[in-house]
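Note that chain A is present in both complexes that follow, paired respectively with chain B and with chain C.
Moving on, here comes the complex of A and B:
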């Protein structure tokens, strides 16, 4: 438990370092690009549908992920803790928070298999037919 | 309050600390604490609040205040059911009695509705739902609020639930405005207990919420309801707000209720309640919490005043440990002075 607490208190070493995050989506998604603001709306559950009426299924990384910290900070412009609190509130009000996946590989697999899914990675390898909707920042 | 009661609270808290997973490591393999379990188009989640209390003039005790399970389905735009079942106020132990002497829990259907979603901005909800009055009534789960003691303003003088239909329009415009209008044409699904303070009918209302940030907002609630078995009707107007300044979060709700045709026994034909609450992150995961509330009840001349001072330890957003002292004065409307502690978890 002490180790976990220390881990929580330790800032992510590379979260502030320059890096690129790629927002990816299922190949059937009816858009070819998204702005940062569009992505923010999706992850804050303020946009629930794609233009063709299919449900948007946002995918997040696990809480311990550096990439999630980076995405939260640079793309959503919120702290991971504030976002978790917000998603918990929305969950209680009946809205589904983003699905959590524990690795980039599982994000890619989920987005490939689920129509309407959108996620993010920092590595373009293995994307296959997935769409890249944004490259941020 | 005597030392024996303080020791009783300390003892049960100690037991809870040993028995329950207070770890900051919320994630286990394949499961994220607070996000429930997904099964196809359904998500099954819930929350629990275990409370230890030592109130002035009452026996110290330990109880399950809430054990709630909710199931949400997202099948398509027309099939989005939501069910919340709750076991409430199950006494585990009270001073002078053996454990589990008389648990006497109450099983409630808190919510049972379906959402019919008509695009991005329009949803029709039908069934039993939480009445959109203020914010606390809509987000009342123990892990999501700062105190174990619930302010009178957030439940005492209006129906907390509506069985009927509501029209919700959200994410309107750049400001993401949310509007909801609702109507209860007939009786309650799973009505409140017979000894409830008031029974309502013909409830209808409206709420507007304007987000000011991620969780910050201001809200306006208007609700009309008739009281059953009397000629009384009431109109409530409420305001609520949440404002975050770095480590400080301020929250307020207030409501004014006008009562038409009041019974002769009422001491006034209106009611007012309001509170202001602050939570400050003193150290990482540790929060100091304070609240002041006044409530002028329709039946009691004296104003009820209650003050809450406490701490929260929140090792992650799905877990909250709370310890608070309540000082109550004036009219006794169900909040007692004393020490209350609780463990709260979303699962």
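Moving on, here comes the complex of A and C:
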């Protein structure tokens, strides 16, 4: 497990300085900018509604994704394991954890199709009319 | 029929056998019918439970699929629908589900726009096919899609359609999840080992048939076939079991399980065969028993018949019937024996009486014959006697008496009669030189001829007194006084004219002195009837008018007829008469004018073939037959010469 972490972290460490995460949202989202704290609140299910009352649908990447690990580390400031535990707890409280999508393309497609959806990608290509709410770090 | 009607035993046999047959057949028919209907009923209800089982198996399968579908809709992977399953996570999940659950059908996922996102069919291109309208789920969520063509699989099947909502937002419709079940999988639940099943919806539309016959027209299954548990298809009648339960997902579905009626006929036929066998087995001892009973009943009758036939053929009344029983037939036999005994006694009596009667009859016939011949001879004698007697009586009187119009008793009546009285002038002197025999002959000849004429004219001869005759008209029968009078005078004329011939005859016979008749006729009231005593009586007339007739006769010239004034008054229209010198008659104060009848002999010689003239002093006869004119002239000259001689010649001396 440690070996795996090392193996995983090695390229991250290499590209961490150069890597950027873009937080995207459905075009109907009533906000145009979010802070890292805002994003953290959304992904930790503390903010569930947009200012116009629509539900916030956060989209996560699959657990194996290094972008998810990077996003967890940079934006949510938590390890994926502790986040999983947290989301499971939230699940039992009746709050759905963020929707998981297996690729960036599917994240983009989901966010485009689901009003109130918010996700993150590391590539700006093919975004169309999606709103880019934040650029992290 | 003749065989039947000739014997009571046979009729009894036939009647009993018929009763047995009818009773048994009726009972057997009832039993058979109820057994058959109960078999059909049992089969029907058995088939019904089979149908229920099959329908509920289908229902269970569908329910299981529905439960799974609900679970599958909640899978996280469904959140990929909005992303169009770019990662093929849905598709791979569906494939896993299909293989894990061993689904015969497929699972389809459509997004909220109705575009196919993923399916368990690998070959299917995603996002190319729209959601078929028939697969659109209803507003209530899980929806059963009845048999329809699957556009993706090109085969029929049923489907369950479920709207999928997002796990992150309960009201966010992600799309539609559809699970199909191909029809063969459904139909597989219908097939059984020995029966056929149909799946109908309750609108009676055939959905499918696990059966060779699929072209069952709509409406074949109706309320009556449901009730009767029967269904007749093109290949014949069937017993049908209809499911009574309903399945929640397809409440319209109904399963009908059929079994050929032949499969039911087999036990039914067995029952029928057993019933027939039982009937036959029962029939033999029963028929034998009936035969024995009918013989036993009719034996006494047959004995009786034999005895009667024996008596009839031989006439032997001593035959008797043996009495076996104390029932009605025994009583009949006893009564017959008594009757035969009485008949025997009566027959003996009758034969004796008949022989007596025959003897009596013979003697009676003999006596009757004797009496008849006595009576016949007496009758003959009486007839002769009456014939003799009739000559002494006027025929009218005779007939009156013998026809019973007039009884012979002393009684007289007063009637107006025409009385005729005749005599022969100087009869005694004229006949004095005759022998008595000749006189009798002459007198009888004269009276016979005159009587004939009198009877021809309807006169009643009263009596003959020597040469005199008393005759009258008007009793016992009359044609009226005037007609009687005319008839009397015409009779008198006929008599005088007849006398001409008689005289010629008598002269020819040698009676040289001709006899001449004088006649007096009078009409008046006389007493007529039986005069005399009870011992001897005479039918005659009495009265002054009779005397007047006699008086008129006495003054009548020979060959003439003298009638009284009264008679003349009655006949003057028919005859010519001239009055004479009135005469004084005894007992009559005034003189009586007699009338002489004229023209008595007018035309007497007309039609005659001879000329005859006879007087006391002269006889003339000329035969005119076959005379030529010369001969006639010669006879005339001869007569003239003789007339000259008569005038001139005087006898010498």
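Simple rule for what comes next: the second predicted complex is superposed on the first by the 119 of 137 C-alpha atoms of A that agree within 3 Å, B and C clash if a C-alpha of one lies under 4 Å from a C-alpha of the other, contacts with A are read in each partner's own complex, and residues count from 1 in each chain.
Here is the rule we use: contacts are C-beta pairs under 8 Å (C-beta built on N, C-alpha and C of every residue); 3 or more make two chains touch, one makes a residue touch a chain.
Just so it is clear, the structure is predicted and the values come from calculations on it, not from any experiment.
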{"item": "Combined model on chain A where chain B meets chain C, clash or fit", "value": "clash"}
{"item": "Touching partner for A:84 - first (chain B), second (chain C), both, neither", "value": "first"}
{"item": "Contacts of A:65 with chain B and chain C, given as first, second, both or neither", "value": "neither"}
{"item": "Partner chain(s) touched by A:114 [first = chain B, second = chain C, both, neither]", "value": "second"}
{"item": "Touched partner set for A:29, first chain B, second chain C, both or neither", "value": "neither"}
{"item": "Which of chain B and chain C A:105 touches, first, second, both or neither", "value": "second"}
{"item": "Clash with chain B, by chain C stretch, listed 109-117, 163-171, 469-477 or 577-585", "value": "163-171"}
{"item": "Set intersection of chain A contacts, chain C complex versus chain B complex", "value": "55, 96, 99-100"}
{"item": "Of all residues in chain A, those that touch chain B in their complex", "value": "1, 4-5, 8-9, 41, 44, 46-49, 53, 55, 62-64, 78, 81-86, 88-89, 91-94, 96-97, 99-100"}
{"item": "Complex interface listing, chain B residues touching chain A", "value": "22-27, 32, 34-36, 38, 43, 45, 47, 70, 72, 74, 77, 82, 115, 117, 119-120, 138-139, 141, 143-144, 170-171, 176, 214-215, 284-285, 315-318, 346"}
{"item": "Residue numbers on chain C that touch chain A, as the complex places them", "value": "76, 79-80, 82-87, 89, 111, 166-169, 172"}
{"item": "Residues of chain A defined as touching chain C within the complex", "value": "55, 57, 96, 98-103, 105-107, 109-110, 113-114, 116-117"}
